[in-house]
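Some structures are shown below for you to check.
In the two complexes that follow, subunit A is the common piece, with subunit B as its partner first and subunit C second.
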Partner chain A sequence: MTTATHRFSITSLPPAVKAVTLPILLILAWQAWTLTLPENSPAPAPAKVVASFLALTASGDLIWSTLQSLGRVIAGFAIAMVCGISLGVLMGSSKAVRENLDPIVESFRPIAPMAILPIAILWFGTGTPAALTIVAYAAFFPLLVNTVYGVSRVDRQLVRAAQTMGIGRLRTVLAVIVPAAVPSVLLGSRLAMGVAWTAIIAAELAVGAKSGSGGSGGIGNMMFIFYAYSVDLNGIVVCMIVVGVIALLIDRLFRAAETRLLPWRT
Partner chain B sequence: MVSLMETRSAKELSEIPVDPSAVRRPARATMSPGQLAGRFWRARWFVVLRAFAVFIALWWGVSAWVSSPIQMPTPAKVFDAFLGLASSGELFQHIWISTQRLLVALVVATTIAVPLGFFMALNREANAFIDPLVELLRPISGIAWIPLGLFIFGVGGTLPVFIMAYVAFFPLLLNTVDGVKGIDRKLLAAAETMGVSRRARLTHIAVPAALPSVMVGFRIAFASAWAAIIAAELIGSPSGLGFAIEWYRQLLMSPKVFAFIMTIGAVGYLCDLGLRALQRKLTPWAEGTGIGQ
Partner chain C sequence: MTVATMPTSQKPKLRLQNVTKEFVAKRTGQKTLAVSDFSLDVRPGEFLCVVGPSGCGKSTVLNMIAGLDQPTEGSIVMDGQLVTRPGAERGVMFQDYALFPWKSVRDNVGFGLKHGTPGNGLSPVERRERVDHFVKMVGLEAAATKYPHQLSGGMRQRVALARLLANGPEVLLMDEPLGALDAQTRMVLQVELLRIWGEAADHGERKTVVFITHGIDEAVFLADRVVVMSSHPGRVSAVIDIDIPRPRTEHIRSEPRFGQLTDEIWSLIRDEAYQAIA
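Now for the complex of A and B:
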């Protein structure tokens, strides 16, 4: 790695400098490349992306679209949570339920959330309910699978101890099984929220693409409008970055919740 | 595997109680009809069959209740549509197009991600430079690349391949890096002491040691690519399974939509089954082939 002609070796650079080197070089190369293009080229350029970001933020469009998408994700996630966790506890704590429902769950699991979109449009039209369906469907499986896993792995001794002490079945589930399954459920929530955020972008994009200009809003729809109507690639890149940042924030939030709620696990 | 074996034993049970070989298993041969029925009732294949029967019955009930053939076609109509699509060859045509794109994308992603993963894991300096860039790009989902990809590649076959290769890249890379980093340092040191060449150390120690992790990465990559292709084809391609479901949705031919959706699930499931078999074959030494997701 070290080159004899340089007085400083690359290896001695501080880690932070190493981390930003490649991204900065790439952005510079990108900017340099766009400078060679004609003035009216639609190609996105870093400087234009920043300007576009400022303009979209100032007009409030970006924030409003992001909030709209986030709201849908949270609502869809809440639906998935209610269904996924309750069904997961049921399947995890009863072998009969698990054996009978497993084939159905396993045959739906390989069907991608986006494959459900045509049905969702047929049922609910191109508005928010269709998007919510996709999000809830996407988030449902990681929640369910991880809840089942967590519940079925609860220490049998604890369950037996509770039964010995004459605690009823429902209270055993609520007081012993559910708390013991929390780590697994939290992991499932994190995964579910990740796929839910991807799913909402896909759903809004596709709904926008398939319903013409009468899309239902949200950041995915905004991207499609930039693509199809205003041909604003800088705007698209702004949206992509926002999508990435939100995904990162969601992930960090859930990881923080895991360490906060489960301090005994590192 | 398990279900297959159990199916066989259940079959034996019902068919050959008078077989001479059954003498060796008197417990089974002398089972009372009640016990036999109980065993039959609990046999895995029967449970699966029963679950599907209940599901289809419920579906039928709902479709009768909704009584809108566009929103909820009956199972019979969907089955009909499925047979029609299969016999006309249209079904296999779309499956072939989609799986072809999938294969190309996976090959592209693997040829970039796996060597890069080895390079990053074995070279700490390179890792310090490349890893932050990977972590910057990773949160941007493949789906978010669709509008830009549409502009660059246009509507067609390249966009799905690009989106899938992007989506498959990250799990492959991260799992390769993990696998290579997890190599027992003592093995490498021992080989080095014994004068094994760098190349041989790589092919005989690093590659076999990292392979289980790479295979796990490959399975995750496949699963996410298969989910992404539907979105990519639905939005920006004139062919493939993702295109087909949306095309027939617009024509309001719901039975075909349902048939194609079931095909998407079936193809995904069968591919994963194949990958699992490959995983067992290639890396029989790997402990536990289950993945967290």
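Now for the complex of A and C:
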């Protein structure tokens, strides 16, 4: 920095540096604050959170719970995908089907996934089937709505073009309408995966509340145990961070899949 | 000359008889007469251009020939068969090209061969050869793996033309295919279009073309006959024979006959064109 032209400027920093600078400052401030508290305070502190993370990872508890939650999300999401996309294609391509089903779909859509938890627990107990039901229910609507939108908004001219090439009705649906709807379906999938992940944590927390420490596992259940039994706020923060990081990774994965699957866009 | 009848004993490729199309607005129930009492014979192997002021129902006529729209009254007959729905024997090149954005140039050209009736009885190898042939004919070998959004307007137009020809239609229906291009590209592609149509070949080997345009000079340059339409409702106001010999080159644009014919057609449209912008 010998001359004025080389002056330091925030805008010239690489994006990665900008992305971590503020979080690091906040964590430092948080750590500084906890140093003012008495040694036996239950308040979470960065150093304690890191220690808790290392201990939970070493014992395998954290990894196992994460995998359990992820497995449920993937299974529930798969169910939602099959139902949501097939029904969406039907509703999007047939006006009669759409007009008959729309009132039912629209009256169920605003009902939060948590609101069907009592019924799910009564029917399926506190195990995996109840969790799957919640996840599938949550993921179903974004998939359905976006598929219907994508299919019904297909460029009519492309369908007409297909007709003038002697392409039949069913073949037109498969070769023109479905591929044209793929961008909307992928967007729906990304949104659905997001709400599925949110829903599973909430469902496991709630199921944990119902079944206690002998619950059905998963990160949500782990959080409940930290809350209700060991009163370990540091453990809860570890879980929160893991949930956030995984949500971020899932989102990035879907975005990457979008650019790979849609090379014809931009 | 309000009705174009056959001057020879030759059977028409297409016969439009008293074709009328009325659109009814869904909400208001208001009726619009788009095309009225439209009669025309299209000869086999002829290049027929349809010109007229914007909104005169040119595209509606084309869509009815394609079978995409049904006439309210009257009939459209191709080779003695009533046209009731779309079919690959009447290929359409749309104004906006209607290329499949998720398909490469090659796959767009081969789309009808893969999914539609034009591919019937062809082996995969024959299909591939046919796609290669037409991709080469329009000069797009180098761009064969590109997607439509990566192409210029002129290149997209060529893809649409190759796709149309690959399906082997007997009648080519073209709806202002050069309309979206700049003037230079347009003139180059007009010459190209005549070459691909087979201007230099025997008359019997040429496809029948119905070509919609709003460019009068374009119509005179391309056509054997020009149908002039008037609007509200759309009807045939005149049919002009273009007696400029083929093969045609750029030079004919500066010939007196070219100017005369252009003026003649313009004089038929002028009043309505002025009314439309008044």
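Quick note on the criterion: the second predicted complex is superposed on the first by the 237 of 266 C-alpha atoms of A that agree within 3 Å, B and C clash if a C-alpha of one lies under 4 Å from a C-alpha of the other, contacts with A are read in each partner's own complex, and residues count from 1 in each chain.
We take it that contacts are C-beta pairs under 8 Å (C-beta built on N, C-alpha and C of every residue); 3 or more make two chains touch, one makes a residue touch a chain.
No experiment lies behind these values; they were computed from the predicted model shown.
Visitor: Once the shared chain is lined up, is A:T36 touching subunit B (first), subunit C (second), both, or neither of them?
Guide: Neither: A:T36 stays clear of subunit B and subunit C.
Visitor: Between subunit B (first) and subunit C (second), which, if any, makes contact with A:S12: first, second, both or neither?
Guide: Touch status of A:S12: no partner.
Visitor: Have a look at where A:G244 lands relative to subunit B and subunit C in the superposition and call it first, second, both or neither.
Guide: So A:G244 only meets subunit B here.
Visitor: Given the touch rule stated above, what does A:I116 touch, subunit B (first), subunit C (second), both, or neither?
Guide: First partner only, subunit B.
Visitor: Return the chain, subunit B or subunit C, that is in touch with more residues of subunit A.
Guide: Ranking subunit B and subunit C by residues of subunit A touched puts B first.
Visitor: So in the superposed three-chain picture, is A:A175 touching just subunit B, just subunit C, both, or none of them (first/second/both/neither)?
Guide: Second partner only.
Visitor: Just checking: does A:E99 make contact with subunit B only, subunit C only, both, or neither of them? Give me first, second, both or neither.
Guide: first
Visitor: Using the touch definition from the top, list the residues of subunit A that touch subunit B in their complex.
Guide: Of all residues in subunit A, those touching subunit B are 1, 10-11, 15, 18-23, 26, 42, 44, 99-104, 106-108, 110-119, 121-123, 142, 187, 191, 197-198, 201-202, 205-206, 209-210, 220, 223-224, 226-227, 231, 233, 236-237, 239-241, 243-245, 247-248, 251.
Visitor: Which stretch or stretches of subunit B touch subunit A in the complex?
Guide: Result: residues 47-48, 50-52, 54-55, 70-71, 123, 125-126, 128-133, 136-137, 139-141, 143-148, 150-151, 226-228, 230-231, 234-235, 242, 245-246, 248-250, 252, 254, 257-258, 261-262, 264-266, 268-269, 272, 292-293 of subunit B touch subunit A.
Visitor: Which residues of subunit A touch subunit C in the complex?
Guide: Residue list for subunit A touching subunit C: 155, 157-158, 160-167, 171, 175-176, 179-180, 182, 262-266.
Visitor: State the interface residues of subunit C toward subunit A in the complex, per the touch definition above.
Guide: By the definition above, subunit C touches subunit A via 66-68, 85-88, 90-92, 94, 96, 98, 100-103, 111-112, 114-118, 147-149, 167.
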